[in-house]
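In the two assemblies presented below, chain A is common to both, partnered first by chain B and then by chain C.
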Partner chain A sequence: MSATSALKAKALLKAKPASKRRDATKAYCQGSAVLSIVIVSVILLTLLIQSLPVLMSGDNGLIGTQWNPDEGQFGIIAPLFGSVFVMIIATVIAFPIGLLTAIYISETRSSKLRRLIKSILELLAGIPSIVYGLIGVAYLNIWVADLFDLQSGRIILTAGILLGIMILPTFLTLTEDALSAVPQRYRENAKSLGMYRHEVFKDIIFPQAKVGIAGAGLLALGRALGETMAVMLVIGSLDRLPSPLFNPLSSGQTITSKLGREVGESAFGSVHFSALVFMSFILVSITIALTILSHYFLTRKPSDV
Partner chain B sequence: MSDMHGKPQLALVENSASAEAAAQASAVQIRNFSAYYGKNCIISDVSLDLPEKGVTCLLGPSGTGKSTLLRWINRINEETENASFSGNINVLGLDVLEGYPDVTELRRRTGMVFQQPCVFPCSIYDNMLMGLRNRKLSKSEARAIIEQSLKSAAIWDEIAHRLEDPATSLSLGQQQRLCIARALVLKPSILLLDEPTASIDPVSSRAIEDLVISLGEDIAVVMVTHNIAQTKRISDHVIFLCDGKIVEQGTRKHMFSMRSCEKTRTYITEEFCDC
Partner chain C sequence: MFKIKNRRHFYEQSFAFASRLSLIICAGVLLFLLGSIFIQGISALSLEFLFTPSSSFGKSGGIFYQLFGSLLMVLVAALLVLPLALGTALFRNSYNKNSAIAHIMDQSLYALNAIPSVTYGIFGLIFFVNLLNTGISWFVGSIILAIMMLPTVTLSTYQAMAAIPKIYHENAAALGLTRTEIVRRVTLPQSFHGVVTGLLIGLSRAIGETAPIMFIATAFSGVSVPQSLVEPVSTLPTHILELAQQSTDPQALQNAWGASLTLVLLAATFSGLALFLRSRLNSEGHQ
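Showing the complex of A and B:
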């Protein structure tokens, strides 16, 4: 054996533990990834199996607007519509405010102001949703009723406004992160070319941040869809489509508020229970779709756009 | 104390009439200028004049505040957090630090190439277009200006066939030249170059030097460089900064002669600084 090959052999022997460690790390990561996929699949599968009774029962009226468990009518359209409607109202309220505030914070670039606002926002995002719900019942609900001269303020609009307030902190901080992540030197270079502030933002900063902003938006939407307690307290829980359809001043129902109210009343294994599980299956599917979409946006590099 | 937060001294404002008259002959006039980051004084009490035409090289060891000085001339340093100044700077007869009518206009008249090349993540052509905004040019006029600028920056031959490619796909040296070309489309009266040839090969670097010399015949070019040989080749004036103070300034002939002061001579010949 020559000297060099002996050295090589030694090096190989030495290298082994390191590569073993690397293998272990890799296996651990892969294992965790597989585990999380398995958990999600098991949840979806369980929901699907539990919703079989209602799917198999013939005349169930699932794709309808009538909800009447005693007569075997389980229309999911009204709560589904309610969920989407409330989400849209929340979006319309939260996104413009969130975006404009984020632009203000990130482009004025005083890091003191930025840190202050961000820490307040993070506090707000951490408040339990039932607290928002109580505020909604105690104040918002009454203000809305006064404003539109209604008997009760427990309507879709109130739920939408409340949800908008709830998702605002999340959306705002994530959007601000996306904008601040664009390096300062882009702003300097653009300004040194005699571009105005708004041009710098529109043509240089926003194109680089929009991927992150889209991700922030989708994450906030997911939160809006999944929110239960606060919505349940202020939406009025009426299993009917509003009339006219896009009337935000009528009471309504979302999938989550429906589940929150009725799961306790229905017998496990009954068709009624199964219909509720099916609704949650739909909700989870939408949320997962949104999450996957947001991940897609968040992990894409700006240069791919 | 109030000086540190951007208020010029009252006396200097009152003097502005005579200052304006003097400013006619010089493109940039810096008086009693100090620059700070937080409480650190980076440049202290500097006064200098940059002639309307010609190449001025800014020499000095690393960290003496050459970039900082350059960045205050077109006021881009006000974008930096906790940067402040005292004193005043006159650009083209107007006080830029206090009461300049329009910073955007100032920046259009002073092109700037930063120390680190930074291209925008869009196509090469769009990068060049950024400086031509609000000019109401036709497409062919814009194209002609862009082609001209790219040629001047010695990069046209390399990228003429790929103007629609993303600018980030260029090499660092190409990006640097693109940044120079991008500043040239402004047709500035003052060009501020911060080590523009630092990451460029000798051949393109010579092309940039030629460009700087020919620009120097019409406009004021200020160039920071660590390359003494380059300074010798292209400069009309040399300013030697050390520790935030001007050690010596003068014509190239003076600075490279035996008449320059001791400190300058050691720096230029032995390339170390004993100040």
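Showing the complex of A and C:
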């Protein structure tokens, strides 16, 4: 108690001579912090303001399936559906494989092996998305075309598989963290009661780790929705809803692939451009919501469950 | 009883089988990815490939200016983000006492991290290229990449600062150092490794980014060393994108693999350095 007051007294005594320099450092830090927050706000505001022209122009078929800039039709339903569809395929591929592999790794006793696997996963997550795109173009789309006897493998399914491979490392490593965070003694106790491994997982580990796994899943979903280059190269860029609706073997379009293809071609200030910015605004809103939600899950302690 | 035990046993066997199968699938995917990048890339890669300019729209020649453009853009981005991230992390760690402000800062950084890369490109196109009328410019590309790196570098720096033992601050304060002196003599030197690892991880991600820079900073051909801030450069990721779109041409594909391997090796070098630094400094810290 007296130590802190002595500290305060000393700080006060010292404060005057150094006050000028302290102000400079403090002002620099405050300035940086303000600038960081301003940047985020400016990005979101810019997107919102540039979305206004299409929102204010009547009869643009925004909530429709027709995309035809020459006729003033800017329906966002087809790419929105495409984004969700591709994301679902990626999830169906990545989540079960990721979860089961994470279980296997977290039950391994060797911490050396765990660290090696983690490093490899980090390396995989660091492969640029354009390189995944190249692999998709050079191999995957040809394999898919051969497998289903199609003329072109640039279809929704190919994009989904590629995306599933891309989000696997992120999901796997975060899920493994969540599983490893469950104290070892829970496993030991459960096993000594004669429970099988699947029962230990189902009844002991999963209830403890499910919040962390949910966080990992949401973060991976956000990544999947925002991924551009790889998807753009293999999805075929067709501005129509697939028919029948859930046909993964038809070409499609996601919001990101549409943006990647068309932003460079549309004139700044046109309604066409504004429609694209509006799409990107929707995308950002979804991914930010997913990420903030996932941080909420990932930072909660297991004991809160 | 017997039946139940059988069923349990069956589930146990299937569970073990499924998790092993998943591991094998993951390992297979991993081998395929790394294998294809290396095997295809190695045959295209040579010193000559790295140091000759590309010709006939990337189909022949090397990737010299692409390599130069990529490195220029990310290194300048790192220089731009360094002071901002350092100041933000210092503020969060040493000056801010208000938990509401800390919360807003955290959420802003998470939001920056969540924004899809293509959106950064659109923002740059609207804000810099059109509203500020810079035109296609590598420097704008660097600014955008710096913004993308901001959360990574700031959070890494902040974590390193938060990990400094409290006793260091207390000792420094007991010696009569002011807060600014503590920042300069304790916080900064003790968290320097966090800044460097954050920068390296940021660099390894930024160098592979395509979507943020393809509208605002790059041109595909006819580009050499920029003479001013507002000229386009050519980069490895956008080069691979162009070549991947001509994937039916084996020569173009060959060069795309070479450029990809170069890019992956660069990214791996940055993140490998970060890992090395982190593990070395961590083990020193425990002594």
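Quick note on the criterion: the second predicted complex is superposed on the first by the 264 of 305 C-alpha atoms of A that agree within 3 Å, B and C clash if a C-alpha of one lies under 4 Å from a C-alpha of the other, contacts with A are read in each partner's own complex, and residues count from 1 in each chain.
The rule is simple: a contact is a pair of C-beta atoms (placed from the backbone, for glycine too) under 8 Å apart; a residue touches a chain by one contact, two chains touch by 3 or more.
What you see is a predicted model; the values in this text were computed from it and never measured.
In the superposition on chain A, contact of A:63 is made with neither chain B nor chain C. Of the two partner chains, both chain B and chain C are touched by A:196. Once the two complexes are laid over each other on the shared chain, residue contacts for A:184 go to chain B alone; chain C is not touched. When the two complexes are overlaid on their common chain A, residue A:50 makes contact with chain C while staying clear of chain B.
Touch criterion not met for A:147: it reaches neither chain B nor chain C.
Between chain B and chain C, the partner in contact with more residues of chain A is C. Looking at the shared chain after the overlay, A:225 reaches chain C, while chain B stays out of its contact range. Contacts of A:36 after superposition on the shared chain: chain C is touched, whereas chain B is not. Shared contact residues of chain A with chain B and chain C: 196, 199.
For chain A in complex with chain C, the residues that touch the partner chain are 3, 7, 10-11, 13-15, 18, 21-22, 25-26, 28-33, 35-37, 39-40, 42-44, 46-47, 50, 96-101, 103-105, 119-120, 122-124, 126-131, 133-135, 137-139, 165, 168, 172, 196-199, 201, 222, 225-229, 233, 256, 259-260, 263-264, 268-269, 276-277, 280, 283-284, 287-288, 290-292, 295. Of all residues in chain B, only 74, 76, 79-81, 104-105, 107-108, 111-112, 114, 116, 118, 120-122, 130-131, 133-134, 166, 168, 179, 182-183, 186 touch chain A in the complex they form. Touching chain B in their complex are the following residues of chain A: 109-111, 183-196, 199, 203-204, 207-208, 302-303. Contact residues of chain C toward chain A in the complex are 8-9, 11-12, 14-16, 18-23, 25-26, 29-30, 33, 36-37, 40, 83-88, 90-92, 94-96, 101, 104-105, 107-123, 125-127, 130, 147, 150, 154, 173-174, 176-181, 183-184, 204-205, 207-211, 214-215, 237, 240-241, 244-245, 247, 253, 256-257, 260, 263-264, 267-268, 271, 275.
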